[in-house]
Amino acid sequence: MPRYSDLEHSPFSLPAGEFNAITDVSGVKVGHFTLYEGDGVWMPGRGPFRTGVTVILPHDENMYEDKVPAAAHTINGFGKVAGFEQLRELGQLETPIALTGTLNVPRVADALMTLSIEQNPYIGIGFDESGRRGYASVNPVVGETSDGFLSDIQARPIGEDEVRAAIGDASSGVVEEGVVGAGTGTSCFGWKGGIGTASRVLPDKFGGFTVGALVQSNFGRPQELTISGVPIGRHLIPPGNTPIPIPGSIMIIIATDAPLESRQLGRLCRRAAFGLARTGSTCLGGSGDFVIAFSTAYRMKDRPSDILSVLPILVDEQPVIGALSLAVIESVEEAIYNSMLMARTVTGRDGNTRHKLPVKEVRKLIIRFGSES
Amino acid sequence: MPRYSDLEHSPFSLPAGEFNAITDVSGVKVGHFTLYEGDGVWMPGRGPFRTGVTVILPHDENMYEDKVPAAAHTINGFGKVAGFEQLRELGQLETPIALTGTLNVPRVADALMTLSIEQNPYIGIGFDESGRRGYASVNPVVGETSDGFLSDIQARPIGEDEVRAAIGDASSGVVEEGVVGAGTGTSCFGWKGGIGTASRVLPDKFGGFTVGALVQSNFGRPQELTISGVPIGRHLIPPGNTPIPIPGSIMIIIATDAPLESRQLGRLCRRAAFGLARTGSTCLGGSGDFVIAFSTAYRMKDRPSDILSVLPILVDEQPVIGALSLAVIESVEEAIYNSMLMARTVTGRDGNTRHKLPVKEVRKLIIRFGSES
Amino acid sequence: MPRYSDLEHSPFSLPAGEFNAITDVSGVKVGHFTLYEGDGVWMPGRGPFRTGVTVILPHDENMYEDKVPAAAHTINGFGKVAGFEQLRELGQLETPIALTGTLNVPRVADALMTLSIEQNPYIGIGFDESGRRGYASVNPVVGETSDGFLSDIQARPIGEDEVRAAIGDASSGVVEEGVVGAGTGTSCFGWKGGIGTASRVLPDKFGGFTVGALVQSNFGRPQELTISGVPIGRHLIPPGNTPIPIPGSIMIIIATDAPLESRQLGRLCRRAAFGLARTGSTCLGGSGDFVIAFSTAYRMKDRPSDILSVLPILVDEQPVIGALSLAVIESVEEAIYNSMLMARTVTGRDGNTRHKLPVKEVRKLIIRFGSES
Amino acid sequence: MPRYSDLEHSPFSLPAGEFNAITDVSGVKVGHFTLYEGDGVWMPGRGPFRTGVTVILPHDENMYEDKVPAAAHTINGFGKVAGFEQLRELGQLETPIALTGTLNVPRVADALMTLSIEQNPYIGIGFDESGRRGYASVNPVVGETSDGFLSDIQARPIGEDEVRAAIGDASSGVVEEGVVGAGTGTSCFGWKGGIGTASRVLPDKFGGFTVGALVQSNFGRPQELTISGVPIGRHLIPPGNTPIPIPGSIMIIIATDAPLESRQLGRLCRRAAFGLARTGSTCLGGSGDFVIAFSTAYRMKDRPSDILSVLPILVDEQPVIGALSLAVIESVEEAIYNSMLMARTVTGRDGNTRHKLPVKEVRKLIIRFGSES
């Protein structure tokens, strides 16, 4: 299975990082747990299951002790994400980010709490030894899209064990894409969607920063699919009697090593929609389209010894912010393509099937219509 | 135990409804489940427990089928509420609102999902018989404040059974206040806090609408407590070696029968802080202060047969909106007082104690300093 | 000069209205005043001028007496728009919308005040005859993008006379596009930009509603221009030593006859970025990208005699909202193309020149690479 | 005329700075221009005038070259403030803040543009000598409340000369309060309102930072006035046939030398409502209640030579943010009292009169009912 960059078609302006993945941002790790069990008729609560959980770790130390600056943005809010209010107020992440199927969100959030409490046994209780200041509660951040077309979504089979497995699986370097983790049961433009990732590196004159995106793709009507400007969806339609898809959703995670404050990370979040739009999304009313961005450039201690922190922060000078914007847009666009190209056909609940986007035909259309050919 | 209105001190401008409770808004029900178990040394995961769950039902039919217009507002976002993104996007509630202890939120959200799926077996699956439109996923709305000072917060003992019990307990009329449900383990101004409620009725010339508030109070430093303008906290301090409280929080629920659209309910939400401020709150940095408002005046069908709905909506004429604002402010203020006055002393985890606010002394101070005396 | 629809290339999903213009929304009128004076070296305060003002009237009666529901959205907030706070709070427009050059905003806002006071002589003073309720102040809504590359922007030459002329010019039917009104001095992708408009009509099963967009285009780097997916900017670069453009901006106005409340109009606003992204915008950091949407389906009286208004409101059923979203996206995309195709080459201040996008070459590229050819 | 602190009543927790004024924040200056002309019957456009403009300078150098971090917050958005969108996007101020009467906002914004262009002649034009980056346009920030009860608000008599005079008048140290500048024609709780200011200094253990507030008070119904918890408005009503006041407004400006980023300044902004509520405000529907906060601790260069800026930033540790919150709340509360206590009776348009709050009676009531007496 080729990734988008293997199509020998390069419409992008900025070069990718080594792995063309969110893990090109130094320190970031990604892990998956995939639940692919059962076949045939849906038996509520017992499967079949095509679901999972994907975790993104800004670093692999104690996230609660060493929080990272972050921001969140809602493109269309028809979704059940957890943790956004505190993330916005404090501009920081204190757990890994987990992605899963829609109705799994509470159980995954609960699991992140369990794991954080294990590492930080005073959470929620109150006071450190000096009595000076306590451990507050912990704010798990979880995103979702619905995998109900292929999976027994009502069963909510992802909990503590599964989250623990995903975190145990986390690694830097190559990121598994397609039908894996939180992407196991999702659909994109009527085809099989899933997990995809990509990255961009800025020129040295703009600081040489890296930006990476990871998506859980689950949106779009077949006729809308556009790849690098080529309206694939007008020429290529998924086989079979595809039922009208549930209006879908996308989770977009952005990582960067640029030293940004939360407000600036929010600016990057708001660029993600521009990458999403390039793929043909029309942001349907029932779509839950959310973006979370974080920086690995500095950390925020849970119980700092000083009240001031001396940090290098990027100035909002337009060329660098502009270059970061472009990096976000291109990373998100390519990550979505990768989420489809790296997927495979999946048959799930009640025999419902999402087919793999046929790479050869896509390549042909791109060669025929793509202005880069 | 007297409620605030029993102090024979009436600083308010608007009259209360029959029960001076959120249930004065016709159709609204409130239910509690209280977990008050164990004593002595904290054994992580095993208690002691001073926690619970409180549910507010805009109506007691199928909330998913008959959603109600709603809005949410974050005063300070240091909290773990669930369901705010979709509530904001669609301006509606499709489950009861549940309040609980901070780390219980995911398990309570999960329980609301279970109950909603029971009532609506197609949730998350996709399509009704006609294939015209499916059941989307369900968005549970849960609020919280921390009861970690008195309770084993890490255990997260509130789940499906407890939520089911709270809903089973729901009734109109008198609302149990103080040490009950989600208020079992909370603190307010260093005293015992808990659940409180109050209501106001507008004059006929302003439509005669009713506004009710219900709070889960868990905020404030002892010296800040102010009741009807009298700085109680300068004269009355909780006994014993009160440890520095964890910066607290408050959940505020507003109900009304005024026919408001979501934008207007958002305006009411933003008035709640004015009632909160009257009690002496200084909205500390670690406070999770959230407001949810809903109207019972009309319903929004899950799968409407028409694309238009003909509704009477309040015009933003200033006198009526102003009167509703005042009703919100006074209801919230009095609900907070009730949450303390109706509480009793509670000793919990590790012998930690929150004392009941001494009513006699409060009354004396109000008589001495209150300008209404 | 052809409009986009004259290119005999139809990548869109929804049909346009009669004039393919914002004026296809019944009752909406558009007027321009164009200031095109002087040549040669910039003499601060004295020209040359390539600027103007464009007004969009939701109806041509007294807007202050008969307000319309509206919403505003900021894609990137590097801009000087007027009137957004009150528009958000009350969800309504009470003046025409005016667009102009950046530094003209205050003078145009002042002019809208003057005109509104003329029509409503009690504005800001207080009380009607009955004493029941007064006229509050008036909230002019003005958008802008910078025409400083071609025009003496510091001079701020657009004031009361010019706004009056634009309103006097307002008409339904065909809308003048390109180098006119607020588009006289703007640039788009390094070419001449300006005013553009387009519309879409929904199928009857989705209510048959009309959506129109009008843009003032002033953004983009040459290499980014994309038309219907064809990366024009990689093949066609503006002639001459184009100086690096000031990071640009866009104002997007959406009109519809669908009966939406302010929250729903806000949802439409947030779709506009998807149309913008299709043209190649990467939303640079210095961009002021703003959207205003209004509905003509009902009016909100300034001093209503009743406190309730019985209105048909669209339910947030997904297919209709989805169709409206698509209509917004396609209207915005095509309006931007029209703003460039209908422009002509303009030389302004200091001999600065923005060339007309060469239509023949664009058509050739679309035929060569467009998948619809 | 006594200030609040002269009443020998000290209900506050934190000490004031030297001048108990916003100018206690080092570098901050305040200037006024007062227009107090004409008497008798209103002649639209010709007076009488009871209006003016007040400017707050974060520093007295070139604000455009040396911007300061800032945030804005809307409590209730029924108002016509200028400059909020860009302030939110970039988190910075690049002009002085000006306050004036409602309909004067555009002319004052225009005047701030003129003055900024004088200092920075390339504004809006585009490029510095190196061609590296241009001067973008300038974003004037202006707040307002309505003085239409006493002044000919339709005339909009405050423009360039008046703003220039206010800036010329700006000084550190004692700030003139009451009937001056933007407070010349405003009303508060049916009495004469105006400009008021106060400050607080944090203990050394919380960094020793200073917080100052300045308000333009113009809100409230007579019966609601509360001073330090004493319901003055139930005992003391303005004489004469006070017409129902136009629902009023307040502008609140917060300055601090604490090194906060924009997100944190936003947190301080959101505490201002707690100070406002203490005075009895019920935030009526027609109220335009806005807050702007800035820090003087560091500056943001317009065209920085580096892309990174190394800054000490306050960590969001709760005790310090909590202390800053308290400082904001107390400063705002006392500033509002000062705006009334330092005012004098003013008769304006059509003989309309706002009486001075009688200090003796207020003191008596505070002694009688105040728990501190």
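Of note:
Should a chain be cited, it is by its letter among A, B, C and D, assigned in written order, with residues numbered from 1 in that chain.
The criterion applied here is as follows: a residue touches a chain if its C-beta (ideal position, glycine included) is under 8 Å from a C-beta of that chain, and two chains touch if they have at least 3 such contacts.
Just so you know, these numbers come straight off a predicted model, no measurement behind them.
Chain pairs A-C and A-D differ in how many C-beta pairs are in contact, and the one with more is A-C.
Two copies of one sequence, subunit B and subunit C, touch each other mainly through matching residues, since over half of the numbers at the interface are common to both.
Mean C-alpha position of subunit A lies 34 Å from that of subunit C.
Look at where the CA atoms of subunit A average out and do the same for subunit D: the two points lie 43 Å apart. Each of the following residues of subunit A touches two or more other chains: 76, 89-90, 136, 247, 267, 286, 316-318, 320. Of all residues in subunit D, those touching subunit B in their complex are 11, 13, 75-76, 223, 226, 228-231, 234-235, 247, 267, 270-271, 273-278, 281-286, 316-318, 320-322, 325-326, 329, 365, 368-372.
Subunit C meets subunit B in the complex at residues 89-92, 133, 136, 206-207, 259, 261-263, 267, 300-301, 303-304, 306-320.
Chain contact summary for the complex, subunit A toward subunit B: residues 42, 44, 74, 76-86, 88-90, 102-103, 105-107, 109-110, 113, 117, 121, 123-127, 131, 134, 136-140, 146, 148-149, 153-154, 156, 243-244, 246-247, 286, 288, 290.
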